[in-house]
Structures are given as C-alpha cells and as structure tokens.
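Below are structures written as structure tokens.
Two complexes are shown next, each including subunit A; its partner changes from subunit B in the first to subunit C in the second.
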Partner chain A sequence: MFSGLTTNDKRLFIGFTIAALAMPLLAWPVGANYPDLLQKFAIYGIFAIGFNILFGLTGYLSFGHAAFLGVGSYAAVWMFKGVTMNVIPAVIFGVLVAGMFSAVIGFISLRRSGIYFSILTLAFAQMSYNLAYSVLTPITNGETGLQLRQDDARVLDRLFVDRAEGLPSTNLFGLEMSGYPGFYFCCVLLIIAFFISLRIQRSPFGMMLRAIKTNQVRMNYTGFNTRPYALTAFIISGMYAGLAGSLLAVTDPLAGAERMQWTASGEVVLMTILGGAGTLIGPILGAGLIKYFENIFSSYNDIMLSESFSFLPDFLNDTLVFVIGPFVGEGWSLLLGIVFMAIVIFLPGGLMEGLTRIHAWYRRRGSGGTPTAGSASSSQAAE
Partner chain B sequence: MTSFDDSKTRGLTRRGVLKAGTALGAGAVITPSFFVRNAWAEEFRNNPGNASSVKFGFNVPQTGAYADEGADELRAYKLAVKHINGEGDGGMMNTMQPLALKGDGILGKKVEYVTGDTQTKSDAARASAKRMIEKDGVIMYSGGSSSGVAIAQQSLAQEMGVIFMNGLTHSNDTTGKDKRRYGFRHFFNAYMSGAALGPVLKETMGTDRRAYHLTADYTWGWTQEESIKNTTEALGWQTVNAVKTPLGAGDFSQYITPVLNSGADVLILNHYGKDMINSLTQAVQFGLRDKQVNGKDFQIIVPLYSRLMAQGAGENIKGIYGTTNWNWSLTDAGSQAFVKSFGQEYGFPPSQAAHTCYVQTILYADACARAGTFYPPEVIKALEDFEFDGMGNGKTLYRGADHQCFKDVLVVRGNENPTSQFDLLEVVKQVPASQVTYDPSIFGGELGPYKV
Partner chain C sequence: MDVILLQLLNGLDKGGAYALIALGLTIIFGTLGVVNFAHGALFMLGAFCAVSVQALLTISKKVKDESITFFDAYKEVPYLEAWWGDTGSMIIDYAVPLSIVIAIPLMLLLGLGMERGLIRYFYKRPHAEQILVTFGLAIVIQELIKAQFGANPIPTPAPEVIAGSANVGLWVGLGESVVYPWWRLIYLAFAGVIIAAAFAFLNLTTYGMVVRAGMADRETVGLLGINIQRRFTIVFGMAAVIAGLAGVMYTPILPPDYHMGMDFLVLSFVVVVVGGMGSLGGAVLAGFLLGILQSFASMNEVKSIFPGIDQIIIYLIAVVILLIRPRGLLGRKGVMET
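Right, the complex of A and B next:
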C-alpha cells in the first residue's frame, strides 16, 4: 500500500490521518466542533481534493464542478428512496453516476482549453442547474428539493423489515449516519480520498498531468496524446465531486438544485486557490476555512459582537461593533472577499505558502541560519 | 561536520513530529467521549436540565426574495422573547386565554435566542438549523417565509427531536402530505385562501371568467394554484393556462406578455414577497388593468397578500383582491395590544408574518408551561387540540390531526384611499373558521411518532 512513497509522504499521510480523526478536538478552540460543520469540513475537503486533481495538476479550470456534486446527491437520494437506506449502495451509485456524467461533459469540454474550457463547463453546469430546477421536476422535485417520503419503495429494506412509523434514517448496517458517526464515516472517506490523491500525484500518471499544465504543446510535439490523460483526470475529479455530493445526502437525505448553482462551482475554485492549488493539503484547508466563515461568521450579530467586546469602554465598544458589524452576519462574504484578496496578493500560493514561509522562518531561527536545508525540506512539505 | 549538523536538526524535527503526533493521538483516544455528550440526549435532545435559561433559534431569510418578511419576523421574535421574560408591556400575553405563562420566562427559566439566515434555500436553512441544534443547543426553533424551506426544516425537526414552529408558510403540504409530529403551523394555507376567496370572487366578478395563472415554481405555488383552480372552476370559471415561474425571477415580462393575447380576463398571481411586487408592478405597467377582454374589465388577483408586499407594490395594489392571515387594522383586543407594543418598539405596525411568528413563540412557551416540562412529546401533546382566544384571530383551534390552526380568514382588497402609508389593505370580509375547515384526510401524509 505504501510502496513507492517517500518517508516524507508516509509521515504526511499518517499526520493527516491523525489530524482528520482528531478534528473534533482541533476544531474545539474555534467553536466549530459540532457534527454538522465537521461533516461539511470532511465533505467539502473531498470535493476540493478532487477539484485539485484537475485544476491543480492539469491547470484546466473547471467552472462547473458543482453539477457533479448535485448529480451525486440526486443519485444517492434516489438510492435511498428506491432501494435501501444503507449508505454503501447510495455512495457507490452517486460516484458512478457522477463519473458517467463527467465523462460526457469532459469529452465535449476538453476539446478546448483555457478560458473556452472554463466557459464550456460553466455552461454545462448552468444547464444542469436549470434542468434540475424546472425541466426535470419529476426527477428532482424542483425548488422544493428531492426528499424522502413515507411511501417510497425501498425495495431492499422492505424485504427485511416492515414499514416503521416515521421516516427511516440513513444508516451503515444499523449505525445511524447523523451526528458524530456520520462525521467519522465522512472522515474515513476523506482519508481514503486523500490517500488516492497522494498516490495519483506521486505516480507517472500524475507526472503526465503536471506536464499538461506546464506545456501541453511540447507534450504534443513529443508524440503524447494529452487528451485521454486530461479526460481521465476530469472523470476522477468528477467522481470525487459525486462522492462529496452523495455524502451530503448521507448526512442529510435531501438534494436541492441550488447545490448545482454557479456560486457553488465558484466556491470550490475559491477553496482550492485559497488553500493552495496543486498542493495536497491546501484545498482541504481552503474548504475548511470557507465553510467555517459561512457557518460561524454568518451567525454573528451586533448583539453578540457587543457582548464579546463588553470589557472595553462603551464608546470603543460601539465603534468596534460599527466597524466590524458589516463584515459578520449576512456580510460574512464581504469578510471572505477581503481575506481572499489578501491571500491572493500576498501569498499567491495560498495558505500552504503561508505555512511554508512560517515553517522556513522557524527553521532558520531554530538552527541559526541553514536556509538551504530548511527551504529544501519545506518545499517538500508544501507538496 | 555539516552533515552531522544536518542530522541533528532533522532529529529535532522528528522528535517534534513525534511529540505532536502523540498529542494528536491522545486526542483521538479522547474523541469517543464526544459520543458520551450525546448520551444525555437519551432523555431528550438539548434538555435544559438545571440551567437558568433556555435557548430558542430563529431561522429567517435575511437575504433573497423574502428578506423583507424575514426582517419583520425577526422583530416579532425578539418582541415575543421580551414579553415571555416579563419585559415590555406584555403584548398579547395580556389578552391570550387561557394562559399559563407568568411573565418570568418559561418554568422559571429565562429565554435567550440565536438567529440564522435561511437564504431561502433548503440546504442553507438546514445547515443553519443544525448549527442551532448541535452547537447552540436550542430547545425549539422557528422561522419561515418559504414553504419549501419550512418543510425541509420541519422534517429535520422530526429527525432531531426538536420542535419546529412554522412561521409564514402557506403551502397545503406543510400540514398536508409533508406534515410532521414535531412541526406546527399557526398560519393559514392555500386551501383556506381558496375557500374564503371563492364567494367574494363570485360576487364581484361573476361566474363567467377566464383565468390565467402565473405560479411560483415550488411547493407553495403548486398547492396554491391547485386550490385556487379548484375554487374558481367550481364557480364556473375556465382556466386558460397556468405557467410556472422560477422563484426570485426578478423580471416577469416574458411571462406577462403572453397573457395579453391569451383571451384571459383574470390574471392570478401565485407569487409572494419581492416576486409578487415585481410581477404585479409589471402586469400593471403592461396595461393589463386598463384592458377590456370578453367585454369585461381585466382583473388581477393575488391570493396571498401581505401589507409588506402592498407597501412594495405601491399604487398598483389598489382594488386588487386577496386573502391574509391577519391585518394590523383589526380592532379586537389581542390585535390592538400586539400592534401597540410592536409600534412602541419599532415605530411601525407589524406585518402578518410578524404576527404569526410572535403567536407561535408565545404558544410554544405557553405549551411548555402547561405541560410543566420541556420534554418534546409532552409539549406536543399540550399543543395538540389546544383551543385559545385573544391572539388576534378570534377563537382558534390547533388541530391535533394535522397540527394546523383553524381560525377566521380575512379577504382583503388594496385600499383605494389609504389614510396612512400603512393603511394599505381594506378588510372586505372576515370569513369564519367553520367555512374554511376541511377534513385532514384529504391531503394525506403522516405525522410520525412522538418519541424519536
């Protein structure tokens, strides 16, 4: 399983596994340790890892990845409605459907590159959104969203148990998938997703993808047909999105068209760039940061602000609330925008570049000036 | 020597890594204790126990097509919490009959609240509600303005075992096929709108009309279209066409142009919030109301009306018929007490959305006081088939079979000569509850279990 990986990679993977499993503890100091947000961290982490395989490695910027997320959600909910409330078939089905869907869209979109590719994917995503929103209402239930019903078929479940009172909940062979068990299920899949992404990045296939990003023309001249590689990367990342989408349905059996909206596609681009495109850990950090902003800062209001500054004299308190007020609550995206600009301008490599710089600075200070060794190993860590 | 130095630095880091690893490992071992924290949910989720306060969650749209309604709902919630805690003048707690609350919070516990933004999206609303339940530990949450969102939150309530008091939601599905044991609705619904509107339409527009529907494309729009269609077709009207429009469309001109040449002489707008303001304004701008079709004056009907929308649509609202759950101009003691304390607090009269949210909060608090506990199954039983008066709609029944309130419905018309900027709706008829009551079995659905 670990053959061909360097010691550094193994350490990175083990460190990541431990950190992911201990996420409830790590998130505790910032008030993010409740199951719903932790689940979102893991799920959008998977989404961002997948997006990074396409964007970070090949440089193809897809603006339509939310479509695969939505398709995965719908597929999983249909599995819950039609076959069983067990999550395994739903997740597999969600990933497969998203994979097939991305194969079709990728096959067409990858005929162009650069901005044309981005616009094509955006157009496809917007088409899927509109289809889900109004045209395919019998399949998607439109704006109301696809939900479980008492009278759903659930063929497989019916064989074993009688219809119980109330809606059934999603489960993993009896273990209910809400709250912390749901989080750990997502977390295990996040770790697997991370491992696969690590293996891809270290493989010859990953090298090909990087070569596409660096100079596709030269690749073509040397006799490589780059399109199959790019298409494979596109499908893999579509499947990651489908996995994330089906996990959203696992933790909360409901699928809505708004998951496919262009804002959702833009969000994953932000996550990846914020964390550091092309790095292994970066996209996950970016996903966590954005979800944290969305859920925690949007819940702040002026009263809570003035409470938290209540130790200050009144006029200072009022000024601070007046200044900070517009950036929290419904203005949380304003704050996110500022953070995003700051990061893109001062740390073009995203959060990972920030961490690398801190690490290098710490190394220099700690060892009294051996910058060469420090920067060499830290650039390794940034991968 | 350099290599020696090198290995030393590396050794140091390795130890650092090990240290950090041990710390994290220890964390992973402690993690299962987080399961234990849910273990006290065995009794029930977010049990306040011996705490001196309980928390409510108010989840309203603060952005999007229903933001105006959401802002007014939030004002009402804050006022209700004040009154329950014994601050302010008490509002409708002075008029409600019977009343178990004493003005010292609920069962001696002060009420606190947290707020959230639903963005009028099911996903966002559920994420926000989950934050309230899992992080803030709310004992009840409430909110509304979109039936799709309300239904999504209501089914979450059943899963989580935390009671959800619906705010403004008008779809038949909320207490029909999507009803839940843990969800309650005080607001009226599309069926009642149709039943109340029917006789008035017959009187003013006759029995030979051709109607054209524009319908917001989600659960509320669908059920309202269905209910109004049933009513008007029973009167003898024909339905020319029914077109679905996306929620939050903004520009409705592409949907209104075809109305002009359709041969219809009545336009029914199954829209709400900013959508209704836009579609009505555009319909008037297109000259629909000055038209004569089939030898009759062209008419527009807005089945679900609110003063906030009337304010937004301005002049265009004059003479247009619709229904509403409550209006601030009512003269009964409850309405007057509520309008007075809301006006003192914020400087303008409350909307029907504010009214229903205020009433729902008081009703929940009162049910806890009557049940003598916050244990949801007992609180639910206290609310089911509860009869009360003095909350602005006359005698009201919270029907146990579908958790729907039955009370008088107002048929209103846009005021031709408003006396103030708030005096926009004129009450044409107060339809008694008996005329809008229906058999709960017609919509199907199942409430589900008390204990989850």
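Right, the complex of A and C next:
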C-alpha cells in the first residue's frame, strides 16, 4: 500500500490521518467542534481535493464542477428512496453516476482547453442546473428539492424491517449517520480520498498530468496523446465531486438544484485557490477555512460585534463595529471576495505558498540555526 | 406570423443587451488580452447608476397631507416637486434618460480606475488568474451593491411619455395585433447606435486605427513610438462605458438587482465564445443570434416539442458551435487557440 512513497509522504499521510481523526479536538479551541460543521469540513475537503486533481494538477479550470456534486446528491437520495437507507450503496451509486456524467461532459469539454474549456464546463453546469429546475422535475423535484418520504419504496429495507413511524434516517448497518458517527464516516472517506490523491500525485500518471499542465503542445509533439489522461483526470475529479455530493445527502438526505448553480462551482475554485492549487494539503485547508469562517462570520451581527469589543472605550467600539459590520453576517461574501482577490494578487500559490515563504524567510534569518527537523516537516507542509 | 414578429423583437431586445456586453468583453480581450469576468458587474453598476439618480432626484421631505382630515397624515413629497412643481416631477420622470449623462463620465472613470488599479498588473499573468481576480472583483462589487441597495429588484420606470406600446403590426402591415413597448424599441435603436458608434470609432478614426494596429501587433506599434498602453487603457474605459450604458437603458425592462450582472456575464461569455474570441463582428452577430434563438425557444409551440429547450438553448448552441467550429462563428486563426 505504501510502496513507492517516500518517507516524507508516509509521514505526511500518517500526520494527515491523525489530524483528520482528531479534528473534533483540533477544532475545539476555535469553537468549531460540532458535528455538522466538521462534516462540512470533511465533505468540502473531498470536493476540493477532487477539484485540485483537475485544476491544480492538470491545469484545466472547470467552472462547472458543482454539477457533479449535485448529480451525486440526487443519485444518493434516489438510492435512499428506492433501495435502502444504508449509506454504502448510496455513496457507491452517487460516485458511479457522477463518474458517468463527468465522462460524457469531459469527453466533450476536453476537446478544447484554456478559457474555452472553462466556458464549456460552465455551459454544461448551467444546463444541468436549469434542467434540474424545469424539465427534470420528476427526477429532481424542482425547486422543492428531492426529499425522503414516508411512502418511498426502499425495496431492500422492506425485506428486513417493517415500516416504522416517521421518516427513516440514513445508517451504516444500523448506526445512524448523524452527529459524530456521520462525521467519522465522512472523515474515513476523506482520508481514503486524500490517500488516493497522494498516490496519483506521486504516480507516473500524475507526472503526465503535471506535464499536460506545464506544456501540452510539447507533450503532443513528443508523441503522447494527452486527451485520455486529461479525461481520466476529469472523471476522477468528477467522481470525487460525486462522493462529496452523496456524502452531503448522507448527512442530510435532501438534494436541491441550487447545489449545481455556478456560484457553487465558484466556491470550490475559491477553496482550492485559497489553500493553494496543486498542493496536497492546500485545498483541504482552503475548504476548511472557508466553511469555518462562513459559519462563524455569517452568524455575527452588529450587536454581537459590539459585545465582543465591549472591553474597548465606547467610541472605539462604535468605530470598530462600523468598520467591521459590513463584512460579517450578510456581508460575509464581501469579505470572502476581498480575501480571495488579495490571495490571487499577492499570493497566487495560496496559503501553502505563504507558509513556504514564511518558512524560507525564517530559515534565511536564522541560517544554520534550525537544520533538519524544521525543514523536513515544512517541506511536507509545502507539498 | 404575429407571434414570430413579436418573438423576433423580443429576441433582438435581449440580443441587444448580450451584444453590448459581449462587444465590451471582446474589445477588452482584443486590446489588453485580459479575460474580464467583472464585466457583468460593470453592466450592473450602470443599471444602479440609474437607480441612484432616481433615488437622488426623489429625495423627499415630509409634508402634511391636507386631504386627510381625521388625523395627522404625512406624505413624502420630493424636494424637486416642492420647489419647481410640474417641472420638478417631469425631471423625476426622466430619471433614466438623465442618468445616461451621469453614467458616461462615471463609468469612464470607473473603467480607467479599474484598469490602472488592478487589471494592468495582470497582463502577463495566466488567463486563469485573470479570470479568478476579476471574478473576485465581481463578487466584491456585487456584495457592495447588495449592502447598499438591498437584495430586492428596484423598479425604475421609463418616462411617462413612452410608457405605452407601439403598434408595430401596423408598420409592417400585419394589423393591430402586434404591439410592443416603446421603451424596448428605443432600447433596440440605442443598442444599434452604440454598436455602430463603437465600430465607427474603431474603423473610421485614426485613433481607432492605431488601436486596431495595436490589437494586431502590439510590439511593432510600440516601436513606432506610440504609447499604445495609454490608448488601450482608454479603450478599456470605453468598454466600461458601453457596458454601463447597456445597464442604464436596461433598467426599465428589467428592474435591477444585485445579481443581474452575474446572470448576464455568464450568458455574454457564452456569446463571446460563440462569436469567436477577439472578433468584434462575431460578438455582435452572436449576441443577436442567441437572443433571437432564445426567445424563439421560449415559444409554447417549440416548448411542447422540446420541453425545457428555452432554459438550455444558449448553452446547447455554444456546445455545438465550439465542437464544430472551434474558433467560433467569426473567430480568426491564432487568437486564443490553446
């Protein structure tokens, strides 16, 4: 399983596993240790890892990735409705459907590259979104969103259990997928997803993808047909999105078309860029940060602000509330936009590049001071 | 026949907006080589120019309402009306046309500021980063507008004189069955004039000739001792003005809200790509073409054959065009080939 990985990679993977499993503890100091939010961290982490395989590694900027997320959600909910409330078939089905869907879209979109590719994926995603809202209402339940109902078929479940009162909940062989069990289910999948992405990055296939990003023309001239590689990357990335989508359905069995809107596609782009496109850890970091701050800031309002600054004199307090007020609560997207612009302008490599730079500066300053231990850990972090 | 004419007009109208935005996008792309995702935001800012002008003109004071005698009732009377009576209310009525005068210098300044302040640092960066930074800018502008004006559409009516409808059917000999709002006809004419003016500027003036030369070969023009960068900056400002004016004029048709920019941007980008990246004629052609096709697809007869076609027609056409004519309708060789 670990053959072909360097010691650093192994350390990185083990470190990541521990960090992921201990996430409730790590998130405790910042007040994010409740399961709903932790589930979001893990799910959007998976989504961003997948997007990173396409954008960070292969260099194709897709502006329609949320379509696969949405398709995964719908597929999973249909599995819940039709077959069983067990999550395993739902997740597998969601990933497969998203994979097939992305194969079709990828096959067409990848005939073009650069901005044309972005527009094509955007067009497909908008098409899916519009269709989900209008014509496909029998499948997607339109604006209301696809929900579980009391009288769903659930063929497999019927064989073993009688129909109970109320809506059934998603479960893993009897273990209910809400709260911490749900988080750990997502978390295990996140670790697996991370491991696969690590293996991809270190494999010859990953090298091909990097080469496509660096110079596709030269690749063609050396006699490689790049399209199958790019298509594979696209499908893998779509399956990751499908996995994330079906996990969203697992933690809350409801699928709506707004998950496919292009603003949702934009969000995953933001996550990946914020953390650092092309790095292993970056996208997960970006996803976590955006989801965390979205959760914290969007719930703030002016009164809470002035309470948290209440130790300051009145006029300072008022000024601060006046300055910060527009950026929290409803205005959280404004803050996100500004931070995002700043990142693209000053730090195109995202937060990971920032960390690398800080580290380099630190090492230059104390040259020879901190030799091996520090450099090993941070070159991992920079990956 | 009536229905077809009506849909044709509808399509031309929508196409006018698409064409104007796409024209600006193409100009920016052709001159500066920058993919501007914030162009829809400029369109929206233009629309909110009209909203602000209307809000400014209708700043009101509270006046006791004499017609109600049971209790003390107050009504809001705009200062303009209070001072100048009927002349004042007429000025308020003409808020939208008036805001054109204000929008032109404002959008020009905004465009120049945007180019000097942000875009020029991104000439040499990859297209992906240009898309991302302008995307971020679009989010910021959109959120600022939302914070200032709220999330609801703000109705901004056209002047009273032209609020009615024109009997278009009589003009073309179809009887009185085809009526169409005056303002939409004016919008159509306006779009035509702006497009013609932009083309005339680029094709008939010396200034425009130099700009076109710069689009073709920037380095050589620079070597001839022309400050091409400065001209490109001004052209960027003009593209912003075009988008802004399109927005101002569109307000009576569609009450502006904070996400109208993004809605139009996505479509306009599709239009640009269909027309051919870097081709001005292509952008205009594709804009009108897609507008017309979209309105025909929303006819009930068509919808009954292909359900949902009105929702996806534009994207569908974009996909087909990109696959069979990768450069777009009028795209030239060598522009954004990769």
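By our rule, the second predicted complex is superposed on the first by the 362 of 383 C-alpha atoms of A that agree within 3 Å, B and C clash if a C-alpha of one lies under 4 Å from a C-alpha of the other, contacts with A are read in each partner's own complex, and residues count from 1 in each chain.
Operating definition for what follows: a contact is a pair of C-beta atoms (placed from the backbone, for glycine too) under 8 Å apart; a residue touches a chain by one contact, two chains touch by 3 or more.
Everything numeric here is computed off the predicted structure, so don't read it as measured data.
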**Report entry** Joint occupancy of subunit A by subunit B and subunit C, clash or fit
**Finding:** fit
Query raised in the report: Looking at the overlay, what does A:L37 touch: subunit B (first), subunit C (second), both, or neither?
Result: first
Requested in this report: May I ask you to decide whether A:P29 touches subunit B, subunit C, both, or neither, giving the answer as first, second, both or neither?
Outcome: neither
**Report entry** Contacts of A:F124 with subunit B and subunit C, given as first, second, both or neither
**Finding:** second
Requested in this report: For A:R112, decide between first (touching subunit B), second (touching subunit C), both and neither.
Outcome: second
Requested in this report: Have a look at where A:P138 lands relative to subunit B and subunit C in the superposition and call it first, second, both or neither.
Outcome: neither
Query - Geometry of the superposed three-chain model: angle at subunit A (Cα centres of subunit B and subunit C, steps of 10 degrees) - result: 70
Query raised in the report: Is A:G4 in contact with subunit B, with subunit C, with both, or with neither (first, second, both, neither)?
Result: neither
Report task. Give one of first, second, both or neither to describe whether A:M341 is in contact with subunit B, with subunit C, with both, or with none. Result -> second
Requested in this report: Considering only the touch criterion stated at the top, classify A:S169 as touching first (subunit B), second (subunit C), both, or neither.
Outcome: first
Requested in this report: Pick out the closest CA atoms of subunit B and subunit C after fitting on chain A and give their distance in Å.
Outcome: 5
Query raised in the report: Considering each complex separately, which residues of subunit A are in contact with subunit B in the first and with subunit C in the second?
Result: 133-134, 330
Report task. Flag every residue of subunit C that touches subunit A in the complex, lowest number first. Result -> 35, 118, 121, 125, 127-129, 131-133, 135-140, 142-144, 146-147, 262, 266, 269-270, 273, 277, 307-308, 311-312, 314-316, 318-319, 322-323, 326, 336, 338
Report summary line: subunit B contacts subunit A in the complex at 5-6, 9, 12, 17, 20-21, 24-25, 27-28, 30-31, 34-35, 38, 62-63, 114-117, 121-124, 126-128, 130-131, 134-135, 148, 151-152, 155-156, 158-159, 178, 181, 217-219, 244, 246-247, 445-446, 448-449, 452
Query raised in the report: Can you list the residues on subunit A that touch subunit B in the complex?
Result: 11, 14-15, 18-19, 21-22, 24-26, 31, 33-37, 40, 133-134, 137, 142-145, 147-148, 150, 165-167, 169, 178-180, 252, 254, 256, 258-259, 295, 298-299, 301, 329-330, 363, 366-367, 370, 373
Report summary line: Within their complex, subunit A touches subunit C through residues 59, 61, 108, 111-116, 118-120, 122-124, 126-127, 130-131, 133-136, 216-217, 262-263, 266, 269, 273, 326, 330-331, 333-334, 336-338, 340-341, 344-345, 348
